[in-house]
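First the structure, then my questions, so here it is.
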Amino acid sequence: MREPILKVSGVSKAFGGVQALRDVSFEVYPGEVFGIIGPNGSGKTTLVNCITGFVRMDAGRVLFKGKEITGWPPHRIANEGLARTFQIMRPYYSLPAYKNLIVPLYSPRARKMGGWRGGGKMGDRDTVAVDILEEIGFERDSFVPYKPASALPTGYLKRLELARCMALRPELIICDEVFSGLSMSEIASMIPLIEKFQMGGVTLVMIEHRLKELFRVADRVMVLNFGEKIMEGTPEEVIQDERVKEAYLGTEETRDA
Amino acid sequence: MELLIYGLINSMALALMALGFTLVYGISRLPNFAHGALYVVTGFATWTFIHSLGLPYGVAIPLALLMTALIGTFIYQFVLIRVRGMEMSEVIATYAIGLAILEALRWAGFKGMTYSLPVFVGGSVEILGVPVDMHRLLILGIGALVFLAIWAFTHFTRLGLALRGIAQDEWAAMMLGIDSDFTATVALAIGSALAGLAAVVLLPLGNIVVEAGYSVLIFAIAVCIVGGLGSWAGAVLASFIIGFAQILSVAYIASHFHMVVALLAIILTLIFRPSGLFGRQKELEERV
Amino acid sequence: MEQMLRKERIDRGIRVRTEGIYAISHWQELTYLILPRLLLIGGFFLAPICLLPFPYWQRIVSIICVYGLLAISFDFLANFVGLVCLGGAFFVGVGGYVAALLNTQLGLPSVLSIPAATIGGAAICTLLFLPCLPLRGIYFAIVTLMYPLIFSRIIEAFNLFGGTDGIAGVVSFPNVWLEQYVIISLTLFGLFGLRRLVNEDIGLVLRGIKDNDQAVKASGIDITRYKALAVFIASLLGCFAGAYLAHLYMWAGISLFALDFSIMPIAATVIGGGGSLAGALVGSLIIVPISELLRAFGTLRIAIYALILTAFIVFRSEGIMVYAQRKYHQFERWVKV
């Protein structure tokens, strides 16, 4: 049995009178793609915020690589190797795309992890930033990385958000709805990127609404509903499960025949 | 024993000072940094009504309160309404207005010993062996009355309930048809009047000085930070804590400790419990 | 045939070429870029010489620079890092008192006391602002607003450091030219230095804190530490101004915590144009002489600034410098078609 890279146990969080999360626990193993799905309002983003330190949980523990990160501030968690994307992205619109990566490259972790391929000893963050953008799929040797972020379409912005995470050389990335807002072809071009992450040894936790695309890449999936975990399993198992169907579609009132 | 009584009185004074500020912030999230100026201007207005216009005390006070409430309304209608939502601009704008009022008063010659308001009732009483002057006792009484009145107002009248609704959830209240601008104007008018009320109750204890404008602002903010921005119960509790701390330190350490206590209270709160005692804002818990 | 006229921008073609390496390709582009800066630097450096027959106005130049430093530090903190500092007087007071104490108690000459007061004062200020840095911006505004008020009252009440009389007997500068040019060069150094800083990598981090601090946190950066760094930089400017004033007036007292030093820089920045750093300096160039002329009005001055400030904020004016920058790029002339 492999050691889980991320172990979340008993996370609960209430906002005022609303119980956003109730006793959620799961484990993620190194190298896999773990999906988290659930209807709107099931607490997916709150879960991410709790794990990554943006929101203080009422109860629960989070262990990352065996280390207890419960209650750590977000930047410390990021420096430990756990990165996250934001559902609503706000890049620095007036700056060129590659300059958007300067901030994460300034972090202690990026500095410690040393030179990116060809980037040297972190002395020139600009070069490293452009390298990262090329890795992430911006066209090689074009002027796309130099365009201001306001000129980029959504697909590129999503990649920029992932690049922001990649600059930290993370071991686990939590992707908050990266597929949302993308067209079918844009998603199709994102999938090789995800597989590339996997091959690079990065574990992915993906929160998604678009189930078809998610099920193509995910190894295991967890389903949340009203803040509770109702099921966990492979995509095939999840599709067939009654509780999942009920959560998404509701039940028919059965009447006596 | 003496300390207990004077501590109570001081705490009530602080609570009165802070009430206007915390009410406005609690209802409309508006930091009214002109609070101190409104306090002082009411004092001088009352004095002017009495001495220059010859009005009796009982008429001068309500008139001054009305005037201050009007000033508060103007502040909202002409200034704050345009910068609503931009916290920094609200702070700077109200602070600037407060400054303008205070410094204009100073320039207009309102300084010196001649400006003071007469106490409501003269004489003193002995309580448990401690001589206390009547006016100070009155402060306790009036303060309690005011709090009761505000409580009743916000729980039993339509307007008061509307104010509470806006305080709890602005969007929901607006969807129910409560006009946010109107309630903000009312809140600011009431808050200003409360600042004025604190002034007419507390100023008879000494002279009216422009400096008090800054001191009152500092104390009101200290109380609100310790109690939690926007929490009325917190403000009351905080004023008792700070009030007693001030009296005790003045008695045992050195005089003039009021400011130091206020400063320490602010710093300690920010370090150890930034959202204050009953802070509903929960600033440290951020949402993405 | 009739000659048709149309408007053409004077800098047609030139402006575009000033981006990037082409800037040095032709004297026209160079002039376009350098002229405004040259005017500013030249003007400041020539001012003391031109004003030699008017020592009163020479001193005004120094005061302009003092307020300019404060305004630049306010602009930097507010528009680049997102921290609105309503009490610039605190920096001035701390810097001034530290310099005066170092000078009168330890006998340090001005050449040592000013740098020491600048750095030491900045450290003290940063330390005192530390509790409110992790919190929402409004707390910083409140705390900065209150500190100068509170500290001046504490000094007065406890008669510390000379109480209301202040610390007298601070030595002045060795000679008048030093007095003038030290502050002028340091102001310009501060201005151009900060302008350079905000475009460096670390400047991007600071600006990121203002734009989107959640993303900055998620990128592994400790926001509190960088906010502290920004406050330290800003207080370096402010404490230097205070230390300079202590030696200029040969006295340090509660008036160093006066509202003037808090409000005028804000007014200068808002009028001159926030977000451009140079605008703050231009703003103080405008406000300080006006303030001198208004000196007859006593404290009404402050009331006037406060009202002007309110007007600018409420009507969200962009400020003179920003307006000028826009227009500089838009000069037009009539050209035959």
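A few points about this structure:
In order of appearance the chains are A, B and C, and numbering begins at 1 in each one.
Everything that follows uses one rule, which is that a residue touches a chain if its C-beta (ideal position, glycine included) is under 8 Å from a C-beta of that chain, and two chains touch if they have at least 3 such contacts.
This is a predicted model, so every value here is computed, not measured.
Among the chains present, the centre nearest to the common Cα mean is that of C.
When chain centres are defined as mean Cα coordinates, A lies farthest from subunit C. Distance between chain centres (mean CA atoms), subunit B to subunit C: 34 Å.
If you average the Cα atoms of subunit A and of subunit B, the two centres end up 48 Å apart. One simple way to say how far apart two chains are is to compare their mean CA positions; for subunit A and subunit C this gives 42 Å. Of all residues in subunit B, those touching 2 or more other chains are 284, 286, 288, listed in ascending order.
Residue positions of subunit C touching 2 or more other chains: 214. Residue positions of subunit A touching 2 or more other chains, listed in rising order: 54, 86. Subunit A meets subunit C in the complex at residues 52, 54, 73-76, 78-79, 83-84, 86, 90, 92, 95, 99, 102-110, 125, 164, 167-168. Residues 201-202, 204-205, 207-208, 211-212, 214-223 of subunit C are the ones that touch subunit A when the two sit in their complex. On the subunit C side of its complex with subunit B, the touching residues are 78, 84, 86, 128, 131-132, 134-139, 141-143, 145-147, 149-151, 153-154, 157-158, 214, 259, 263, 266, 297-304, 306-307, 309-310, 313-315. Of all the residues in subunit B, the ones that touch subunit C in their complex are 31, 33, 78-79, 82-83, 87-89, 91-93, 95-97, 99-101, 103-104, 106-107, 214-215, 217-218, 221, 225, 254-256, 259-260, 262-263, 266-267, 270-271, 274, 283-284, 286, 288.
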